[in-house]
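Reviewing the structure listed below.
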Amino acid sequence: MLTRKQLWRAARDALLYVSLCTVTFIVCFPLIWALSTSLKPKSEIFATPPTLVPRTLTFENYEALLTGRQQYYHSGPQTAPSGPTPAQFFTRWFVNSVIVTAGSTLISIVISTLAAYSLTRFRYWGRSVVPYFSLLGYMVPSIIFVFPLFLMMVRLELTDSLWSLIFGYVSITLPFCMWLMWAFMRSIPIEIEEAALIDGASRYQVFRQVVLPTALPGIIAASIFAMIVSWNDYLFGRVFINSLDNLTLTVGVMLFFEGTHVDWGLLMAASVLMTVPMAILFMALQRHLVAGFGAGAVKG
Amino acid sequence: MRRLHALLSSDRAVGLLFIAPFVVTAIVFMVYPVVEAIRMAFYSYNPLRPDLSAFVGIANFEFLFSDPLFWDSLWQATVWTLLSILFQTILGVGIAMLLHRALFGMAFFRGLLLFPYIVPTVVIALIWRWIFNPEIGVVNYSLLASGIIREPVYWLSTPTMAMASTIMLNVWKYTPFVVICVLARLQTVPLELYDAAKVDGAGFIRRFIDVTLPQLREVLIVVIVFRTIWTFNKFEEIYLLTKGGPGTSTFNLAVYSFEQSMASLRLGVGAATGVVMMIMLLIGSIVYLRITKFGEEVR
Amino acid sequence: MRVKDQHTNKAGLGRREFLGGTAALGLGASGLFGSKSALAQSTKTGTVRVWGEPGPYGGVGVAAMNEWAQKNAPGLKFEIETIPWDNVYVKLMTDLAAKRPPSLISVESPIAMQMMAEGLLLPVDDLVEKIGRNRLVDGVKWDYWGNWKGKQYVIPAHHQPHLLLVRMDIVKELGLKDPDTWDWNDLLNAAKTISEKKQGMAGFCMALGRNLCTDYHFAALLHSAGGRMYDPSNKYEVMFDSPQTVEALNFVKELRPYMPKGAVEYSFLQVVDAHVTGQTAMSFYWGRTLGRAAEEAKPVFEATEAFNHAKHPKTGRRNNWNDFQGWCIPAQNNPFIEEVKQALVYQQTSKEWLIKYCHSLMPNVAPTYKDIADAPELKNHPFYQSKSKTVDTYFKASLAHSSSTANELLQGPNPLAGYVHGRSILAQTVQKVVIDNMKPEDAAKWGARELEAIRKENARLLG
Amino acid sequence: MEVRLERINKRFGAVQILKDIDLVFPSRKFVTLLGPSGCGKTTLLRMIAGLEDITAGKIWFGERVVNELAPRDRNIAMVFQSYALYPQMTVRRNLGYGLRVRGTPVSEIDTAVERVARILEIDHLLERKPAQLSGGQRQRVALGRAMVRKPDIFLMDEPLSNLDAKLRVTMRGELRRFHLDLNATTIYVTHDQLEAMTMSDLIAVMHHGVVQQYGTPAEIYSKPANLFVAGFIGSPPMNFLEGEISNRRFLVGDGSLPLPALQVEANAQKAVLGVRPQDLSRAPAAGQDTITGTISLVELLGSEKLVEVQLQNRKRMSIQLRADAFVEMGALFHLRFDPQRLHLFDKESGNIIPASN
């Protein structure tokens, strides 16, 4: 038999679940709808009433993106190749995005981990200024320095190469990683290292065998953020890259939208595909993401 | 004694060696571009004709301050920031409270609700244009079908609706940030405080006001300051969804700067806008430092 | 794009294979290091980047050039990059500033003329002779595409006027007059009638967003009213603050209630969408609306015909905005100048390719040479059966009413137009009226001030 | 007010935290729930407070079942281990909070707060915030918050555990005094037997969710009901020897000890013999009631000396001697057992085997 209190509690939990489901549905709806659209044949995309679950399931949009199917323009008796369409470059752009994301994240993490260790374990002039500096850099929006950076890349003859993006993303992610790693390193007790030093380990051994493993959660958190930032950036890709071959996904996918004809199915499939890597990362490392917020973003 | 000396000096060497890459990278890729941006604010610079670049003193700033669009952008940025932050905070705290329950399946909800944060802005802008399309979008269809509206809503076609849409997008994308921060803090609130309040006779609402909110105060201030700074300077969310339109009704300073630099080929004016943004940013940062007493801690 | 002299052929081949659209993994590295090429002894290898506007014809043009390359420069691959109109300026700025311009650009006249006056283009008079100076169709001159201080900088790609597209089924149903006879009042009236009588359909549609399309659509109205932005014969003095401008703005304002509600954010794409999906009965547009309707909405295609614009009641003008679009060759940082020149001549002298070019998007791209325009093969297209008058209007009859912002009322090239469009001055002027409810007189003054600022900032171009 | 627990059970999923607890807390008594951590004592306290659901059973406050009552309606007050002061409020507001949420008039709140502050000698701290107080001061504020409402029942969850040793001793006395002043039933949870022994009227010793023994401190100390209580109460802890009962003697290893008369005589029963270090003495020579070992450790405790003697079966026994007693490591030592001061437990059940009388 249920007591009044239990009944009340059950009702409250039910209400809680209902509101959670509603909120979750609203939050996820855009993505669900994108997925749904991407799996529909053209005829169903514009059907009224619209269908949430496709009546006919098709993977043609994904196929087009992944195989880079050449598209032809039918107008009259002949079929003319219409020149490259964005779909043909999709895989290429995907690889580019992976390269710049991985490259910039790696650089930022290595630099910031070393620096954070140095800042929290050694004493020298200026060591208290660096965190301030990182914080400030963390807040500076990229729109402010994208053009000077671009002109610098021009001078270095790096434009239209993935290096320009890697360096560009380092400039956005480094202050943040620095800040996060600094906060994290500070919270690691120095005694373990001292113990290792007394046991006869060298500084480098201590760093490799003691500090790095302890700092791993921080490193993972910083990496996720760096990856999200690099993967999602549009501005730098838009400004730094000139040729189709070297575009990244974000800029490339916008090209789908800017003709005289928008293929919504294809566009949504592209959107889904470019969200997937971050989603997987997110699912796998969600716990660390939260930890990252705790240590860095919410520091104070 | 000699060994100790050697250790210290080698330690120092390690310290400097480890910080060196950061210093170099920071100077080349962070300090230099910002300094250069400040320098460019005092130059005329047409990217098509860099050879004609010349020092113009404060002419770019004069241009800026006499351009009504600059002031419009500033005002619109303020509106968009304030409203975005307001909704993000309220929703963020609300959702965090919902998620902060040890109920079955909570991890699942938590994962899904934090998802928007990682969705690329490009993707969400495209999806937004698709679902909010006045004629063929599913949102209008649902609203019409359910009788909530009689006529299709033109989400991006009137200044007010466009502003509302960009705010919605921003709220959608960044509320998870607030949720994560608040949730992390909620988990550290001592449960005994709630018990004490219950024993003292406080109901649900009093407990929220007297226990939860004071505990969240600090994290909320930090989140709000951070988000204000970032939201104020957001470029992609607006540019990709409305390009600042219709008209210039959703311009903010970042879009203004981009348009001046790119479309108008006035990099100097764009840079000057950037300098104005940086000054406001500095003010924001000082507020942040004050609130968190960051400096004292370091000393 | 850098070209390196290397000795193996392998890399070049791999590159070609990749660009053939096969696959991607592992090739990131080549992008990573920015290296572009490899090569043979006498010929260069690499990708020749070509800019074109969205649409299949750029691809056809490049296909012709690749045919040339196969015979004469097997290491080269021409690749089209379609640049959406609204992005042209960003792309232009970053590519030129990055010293990585494409090797060949097919672009609208305002930009071509801007680049030409800035000294960014290569004179191509030698090509004109090879292609044939006397081939142009009647009613056009080489100048229209781009001639500056006696030198030709642009080779014609096509001309493309925007006209008044009308759903004749609706006109007949409502008993409206023949659109050929319309003046502005008739157009307005027709728009009104259709809006009132046809549920869920707008009477008329043009772009009103802050973009290039609105600039072009409005310019046609401005020119028909007899107004213009600058006077090339008088040191490019600004003429915009005029009764004609006000009249054109007022006309837009009057038409506004009969346009789709979302028109204030419309650009090229949405205007086409609106017509093809049957949301509007009339619209201003280039020929591609018909191309798309033919593919996606047969009934709309069958019912739609194109007309020269309604004439202005007083001036009697019916100006369209005709883009004399041409090929131009960036002079600096261009590693393939010779190859591009040869390939361009090859394409321009190949009847087969030029006809394919026109056919690729009927009737958007009109032939510029008599031998093509009159070729029987050109008529070998279904549109010539179903839409012969419309095609003819686009291709020939519109020429008498040609105008553009880069060559207002055909009174001389205007290198400032590129800046005007980059900043969307005309569109913003229109938006001041339709969104902000500014008085047209004040909007015209605002526009004039902006135009004056552009003239002052770029006085160097005019000297 | 009397508090009565009737077959109280608590389960978290499959885990049984409390099992059939029957307890009566007499009105106005100071009752301690004592037990090691994890024994369920805090859970039981929180159930009495209404902070924890009751899986089964009834809780009576006087004549009323309060199972369904919210904490606010039980007229209880509680002092928490971490004090749980509201960090953003001043001491004054902390003290008055419980009255304020009940809508008590401001003037009344002020009077009540000031009265309590005076009693607790914290009236000079009223405008401070918790962060500006020392541990002891916070403790007093927490107490004050509980006292201010004049509750029927006063619940305390290890309130002294966060204080340093010295302060703890002082506070023990004060708490006892406040209890007398307050005139309310006090239920006190602790794992510290010293607190329990010194302050309580009654002690309920808990282990594994079961009340092992309920009685006055003296009863618990002198007549432990089972092995657990015997081992838990008393310091230094009781010595235990395993052996067998045989003919009124206790056989252990190669020796044997005399036993008192048992209520139920037993033979060949496996048993555990317990004896407190204070109850052992030193015999000059081996005898009937002694066991011999060697001294393996000597600890000087100040007024006493604790000596550890290792028996032949390697079992160690501790014995408390006067500080001036002469002992030498490694020397032989004869332990004398007083039959009247032995505790005999059944090896199987752990329960006491009662002596007759």
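Going by the order they are written in, the chains are A, B, C and D; count residues from 1 in each one.
The criterion applied here is as follows: a contact is a pair of C-beta atoms (placed from the backbone, for glycine too) under 8 Å apart; a residue touches a chain by one contact, two chains touch by 3 or more.
Given the structure is predicted, the values throughout are model-derived calculations rather than measurements.
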Minimum number of chain-to-chain touching steps separating chain A from chain B: 1
Most widely separated chain from chain A, with each centre as the mean of CA atoms: D
Chain pair with more C-beta contacts, B-C versus A-C: A-C
Chain A and chain C: spacing of chain centres that average the CA atoms, whole Å: 37
For chain B paired with chain C, centre-to-centre distance based on mean C-alpha positions, whole Å: 38
Where chain A and chain D are represented by their mean Cα positions, the distance between them in whole Å: 57
Separation of chain C from chain D, taking each centre as the mean of its C-alpha atoms, in whole Å: 92
Contacts with 2+ other chains: residues of chain B: 47, 136
Multi-chain contact sites of chain A, meaning residues that touch two or more partners: 151
All touching chain pairs, where touch follows the definition stated at the start: A-B, A-C, A-D, B-C, B-D
Footprint of chain D on chain A - complex, ascending: 3-6
Complex contacts: residues of chain C adjacent to chain B: 86, 89-90, 92-94, 96-97, 118, 120, 209-211, 261-265, 277, 279, 419, 422-424, 428, 431-432, 435-436, 457, 460
Chain B contact footprint on chain A (complex, rising order): 13, 16-17, 19-20, 23-24, 27-31, 33-34, 37, 46, 48-50, 107, 110-112, 114-115, 117-119, 121-124, 128, 130-133, 135-137, 139-145, 147-149, 151-152, 167-168, 170-171, 174-175, 178, 203-204, 228, 231-232, 234-235, 249-251, 253-254, 257, 264, 267-268, 271, 274-275, 278-279, 281-283, 286, 289-290, 293-294, 297-300
Residues of chain B that touch chain D when the two form their complex: 190, 192-193, 195-203, 206, 210-211, 214-215, 217
Chain B residues within the chain C interface of the complex: 47-50, 52, 134-136, 152, 154, 156-159, 162, 242-249, 259, 262-266
